[in-house]
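Alright, structures below, take your time with them.
Common to both upcoming complexes is chain A, partnered first by chain B, then by chain C.
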Partner chain A sequence: MRITFPHIGNAYIAVKAMLDPLGVDYVVPPKCNKRTLSLATKYSPEGVCIPFKLNLGNMIEAVELGADHILNVTGHGTCRMGYYFKVQEQILRDMGYDVTMMLTGLSEHKLRGFLNLLRSVSNNAPWTKIISSFAFGIAKMTALDDIEIMANNMRAIEKVKGTATPIYRKGLQAIDDAADYRSLKEVVKECGEKLSEIEIIPDYKPLKILVVGEIYVVLDPFANMDVELELGKLGVITNRSLYLSRWVKKGLFFNPLGIDQWRDVHKAAMPYLKRDIGGDGWETVGEKVISSGHYDGMVHLAPFTCMPEGTAQCIMPSTREDLPVLAIYCDEQTSKAGMLTRLEAFTDMILMKKTGCLSR
Partner chain B sequence: MQKKVFLGIDVGSVTTKCALMSENMELIAHRYIPTSGKPIIQIQKLMREISSEIPSDCEIGSAGTTGSARYLAGEIIGADVIKNEITAHAVAATHFYPDVRTILEIGGQDSKIIIIRDGIVTDFGMNTVCAAGTGSFLDHQALRLGISINEFASEAMKSKNPVRIAGRCTVFAESDMIHKQQMGHSTPDILYGLCQALVRNYINNVGLGKTIEKPIIFQGGVAFNRAIVRAFEEELGTEIMVPEHHEVMGAIGAAIIAWENYNATGKKTHFKGFAISDISYETSTFTCKGCPNQCEIAQLKLGDRVLARWGGRCEKWEYISNIKESPEDAAVTG
Partner chain C sequence: MTCKVGIPRALLYYKYFPMWRAFLEKLGAEIVVSENTNQKLISQGASLVVSDTCLPVKVFIGHVLSLSDKCDKLLIPVVRSTAEKVYNCSRFLALPDLAKAVVPGVPPILEIEFDYSRGTGYLYRQIYSLGKNFTLNPFKIKEAAEYAWETHRRYHDITVQHHLTRIEAIDLLHNDKMLEIKESKNDGLTIGIAGHPYVLHDEQVSHNLIKRLRADGITVLTPEMAPEAPDSNGNGHTQFAGLAKNYWESEEDVVGAGDYYTRIKVDGIIGIMAFACGPDSMMMNLVQRQARSANIPFMSLTVEEHTAEAGVVTRLEAFLDMIHRAKRRNEQCV
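Let's turn to the complex of A and B:
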């Protein structure tokens, strides 16, 4: 039995940390690249969204490396994602690969389901070991988000362009290599120090943009064409509504206790949208309402053909809050040049609104 | 002291435009030529032509580029500012029409709408996954019906009963047009039907969720087509203004932004001079082998010196001054 799991941003580093101590035989699919995308579009239904396609591409590339069991999540939300595992399994079987999906329902089984899943791949390791490796994975996840936030802040204000990103990439590798809590803490500290030592542009007031939308395209830089990196190059500080560590903590710990983990956001969305419409559509609308005043603008990422985000996008212009929103659809057809033009025009627009002129 | 003039170049997918503005922001000269898939050669051609238009007591104060090849053009001429085409169009339109509230712009490969309130851009939209109804499509259809694009408007204006064409997608539009033509509808009726379909598609897609208010101006190459202008006026039920130099508004905008930048910073221009028309630049591509992504990197070279590189997902090749290894090393080490 060789396990694999599809990518979502840098989450593979955390999943590795959970599987390593349990002695699981696993293979990480190659990071999303052009081949992944070509395989994915070749074997996927045309109208399905980019998360489905890239995940399928990851699975195919992992199966080529000998994987036969695939860890995956499902759910009974309002979006199609709940059925994806079944369709993906069928496509892989039609291709002649004999694979087994190992699933947990995120919305129904929550933390318990995830731990059970870990236990089943670890050949029934003791619970203490399962819980400690899970906790270490979450610690790595938190560390990944911490250095990413720092890098996104520095990239906008660094004096020599292109300084922060290599430090961040080295940090990612160091987090992946860290074997215990102590070394993890050290590498995060070291990466943070290096980032804070970067020479910055004096008296520069960067714009602040919030990136919201569907979780996969928000978290995965390949799917969103490095939107945060590109905004950083334009001198914009980005923040996101979603960070994997926070999402997992809220989703797995608070939710089972019956607490609505997104209560603030849902409450804010109420005047415009009164219910969950699947995916992250409800939260997207709420984020616009609570972010006005704290941010200069918002970038709304949505997979092409996504029903929840499409609905959210149509609601956005009619809200009372005055916050410029740029919608970007992520798809294999989307060209990066087109996205850059829009990002540049969007930041120019915000700047002109704020200062009345283009020169900073 | 010599007087300054300001240069703007707009290199689009289909046409390359250039505008020369005086210190008082009056248009001195402009050019409009096809890009023909050879942006560098066409930029050089434009520079040769425009250099003869500069008054003898003037010199270039600052230069700006825009359009989809703005970075390439900026590198070649030594631009002081490189701006996206949405900002450039908005700046030019508000310069000539300070009270404008909506800008419709249709070019060769893309179409945009820009919403302006109190002289400031408040919202914009651009065609996303569909290119239906841009200049190239009109060109193609005119060609197919055997009329030149210059006759398109006058033919379409003869229409008495325009037919309804499905305009959502170029493929559907074309098959629908062929269907109507085989049923025996007249060419003017089909052509004007196409104009209406294009306008409907534009309002429903690009203009989705935007409040189109007067005064409305229409710029870009497609504004040459009076039939499209009329279809817009009928659809929106109001008058549309077409600026005299609608086809070079992007280039004018780039020149204005260069002028603003010059006034704000007072810096000496990086403009490389008109001699660049005679230099032969070399462009090439290579595949980076640094990671599985295998980015295709394009580079612009002058002799042995690399001027610029584009196309990588990471920062490895992007900042020329930071780069230590050559592409050849990367190919080996990868």
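Let's turn to the complex of A and C:
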């Protein structure tokens, strides 16, 4: 039994940390690349959204490397995501691969489902071991997000463009290699120091842009064409509504206790959208409403044909709270040059709106 | 003065219109239904929403726009779930808010949310809050709701019994007389169509698919004619058999029907889906794979606001020719 799992951003580093101590035979699919995308487009239904396609591409490439069991999450709700596994399994079977999906329902089983899943792949390891490896995975996830936030902040204000990114990439690798809590802490500290030593432009007030949208395209730099990196190059500080570590921690630990981290966001969205429409649509509308005044603009990422985000995009222009929004649809046809042009035009526009002139 | 309530002839209209009409008329409201879909209405609707919205929602917005100066109130129910943990597509849940956000000058919207997962108490409260707009007498509202439910059952029964399409059944219920369905020469072909009622029965959207097939003397099966197969618990509430748990409420029209057609071995299946329809993009693929494994010809037809009628006609002719030829060849072999 060889396990694999589809990518979402850098989460594979955390999943590896969970599986390693349990002695599981697993294979990480190659990071999303051109081949993943073309395989995915070839075998997927044409109208389906990009997360489905890239997940399928990851699975195909992992199966080629000998994987036969696939870890996946499911759910029930209104978005397509909860049904992915069924169609993907069917496609892989029709391609002649004999795979088994190992599933956990995120929305119904929460933490327990995830731990049970870990237990079943680890050949019934003791609970203490499972919980400790899971906690270490979460710690790595948090570390990943910490250095990403620092890098995003530095990238906008660094004097020599392109200094922060290599440090960040080295940090990613170092986090992946860290074997225990102490080395992990050291790695994060070292990366943070290196980032803070970067020479910055004096007296520069960067624009602040919030990146919102569907979770997969927000978290996955391949799917969103490194939108945060590119915005950083344009001298913009980006923040996200979603960080995987926070999402997992709150979703798995606090929500079962009845604490809803989105309550304020939902309340803000109420006048314009009265109910949860699945995916992250409700949150997107709410984020726009509460970010107005705190941010200079918002980049709305959505997979092409995404149902909740499409609805959110229709509703957003009608809110009273004003905030410039740039909607970017991600799919296999999206070109980087087109996106860059739009990002440049967008930042120029909000800069002009803010200062009255184009010079910085 | 009676209150004029507008009902857009789109989306859930095809599934629940008799029920809504029964309820509202019993409470003394006057019903205004929007005109039949036409090209102008589609392009007006499409201009108000972002371009990757699915075609049925664009059509819906067009209908809302055409009703906006003809009625006092607009009925846009939200059907979230009709069975345990089976939800409707995301787009349906946002319809009232979407209409309010994008249609200029939209009249006040009457909302009601059907959510089976939240229990019957919630349903009763929702029904009462809708009925409150017309009368404050709860008994009257209860009576109207029961009458509406009875009408809905009757609508469902006559559709299955007489093999009627949704439109024919609505007409039949309204006029209380049997429609004469022209039975032209029948050459024995049976074609099953998998697709949502709001795509299939909207003559502008589907380019008269059903009429064209019938004119060729073909027996047409549509999803609503499929009898309900019992699910694993013995409840006759799902058409899904053999295929996974049901996930979307509205996808029974596609997967359930596809499953039924392959079981009764129809001569061909036409899957009609709207461009950018989220659920269909995955479900139609399952039906296609199922048809392929059962060796049944399958044609996938994707419609959008720019689809040309001539294109549909050509593909339909080619598909039928292929089936005819295969059938003749098989007969010769035997």
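In this text, the second predicted complex is superposed on the first by the 360 of 360 C-alpha atoms of A that agree within 3 Å, B and C clash if a C-alpha of one lies under 4 Å from a C-alpha of the other, contacts with A are read in each partner's own complex, and residues count from 1 in each chain.
Convention: contacts are C-beta pairs under 8 Å (C-beta built on N, C-alpha and C of every residue); 3 or more make two chains touch, one makes a residue touch a chain.
The model shown is predicted, which means the values in this text are computed figures rather than measured ones.
Asker: Is A:314 contacted by the first partner chain B, the second partner chain C, both or neither?
Answerer: It touches chain B and chain C both.
Asker: For A:213, is the partner it touches chain B (first), chain C (second), both, or none of the two (neither)?
Answerer: In the superposed model, A:213 contacts neither chain B nor chain C.
Asker: Give one of first, second, both or neither to describe whether A:77 is in contact with chain B, with chain C, with both, or with none.
Answerer: After superposition on chain A, A:77 lies in contact with chain C alone.
Asker: Is A:304 in contact with chain B, with chain C, with both, or with neither (first, second, both, neither)?
Answerer: both
Asker: Touching A:161, do we find chain B (first), chain C (second), both, or neither?
Answerer: First partner only, chain B.
Asker: Just to be sure I read the superposition right, which of the two partners does A:137 touch: chain B = first, chain C = second, or both, or neither?
Answerer: After superposition on chain A, A:137 lies in contact with neither partner.
Asker: Which partner does A:329 reach: the first (chain B), the second (chain C), both, or neither?
Answerer: It touches chain B and chain C both.
Asker: Touching A:274 in the superposition: chain B (first), chain C (second), both, neither?
Answerer: A:274 contacts chain C only, not chain B.
Asker: List the residues of chain A that touch chain B in one complex and chain C in the other.
Answerer: On chain A, the residues that contact chain B in one structure and chain C in the other are 304, 314, 317, 329.
Asker: Across the complex, what residues on chain A touch chain C?
Answerer: Per the stated touch rule, the residues are 45-49, 52, 76-80, 82-83, 86-87, 90, 94, 272-279, 281, 304-308, 310-311, 313-315, 317-318, 327, 329.
Asker: Show me the residue ranges of chain B that touch chain A in the complex, using the header's touch definition.
Answerer: 68, 83-87, 91, 110, 120-124, 126, 128-129, 209-210, 257, 260-261, 264-265, 291-294, 313-315, 318-319, 322
Asker: Provide the residue numbers of chain C that touch chain A in the complex, in ascending order.
Answerer: Where chain C meets chain A, its residues are 49-50, 52-54, 78, 80, 85-91, 93-94, 96-98, 100-102, 111, 113, 244, 247-248, 273, 275-282, 284-286, 289, 302.
Asker: In the complex formed with chain B, which residues of chain A make contact?
Answerer: Residues in contact with chain B: 30-31, 33-35, 160-162, 165-166, 169, 222, 226, 304, 314, 316-317, 324, 329, 331, 333-334, 337-338, 340-342, 344-346, 348-349, 352-353, 356-359.
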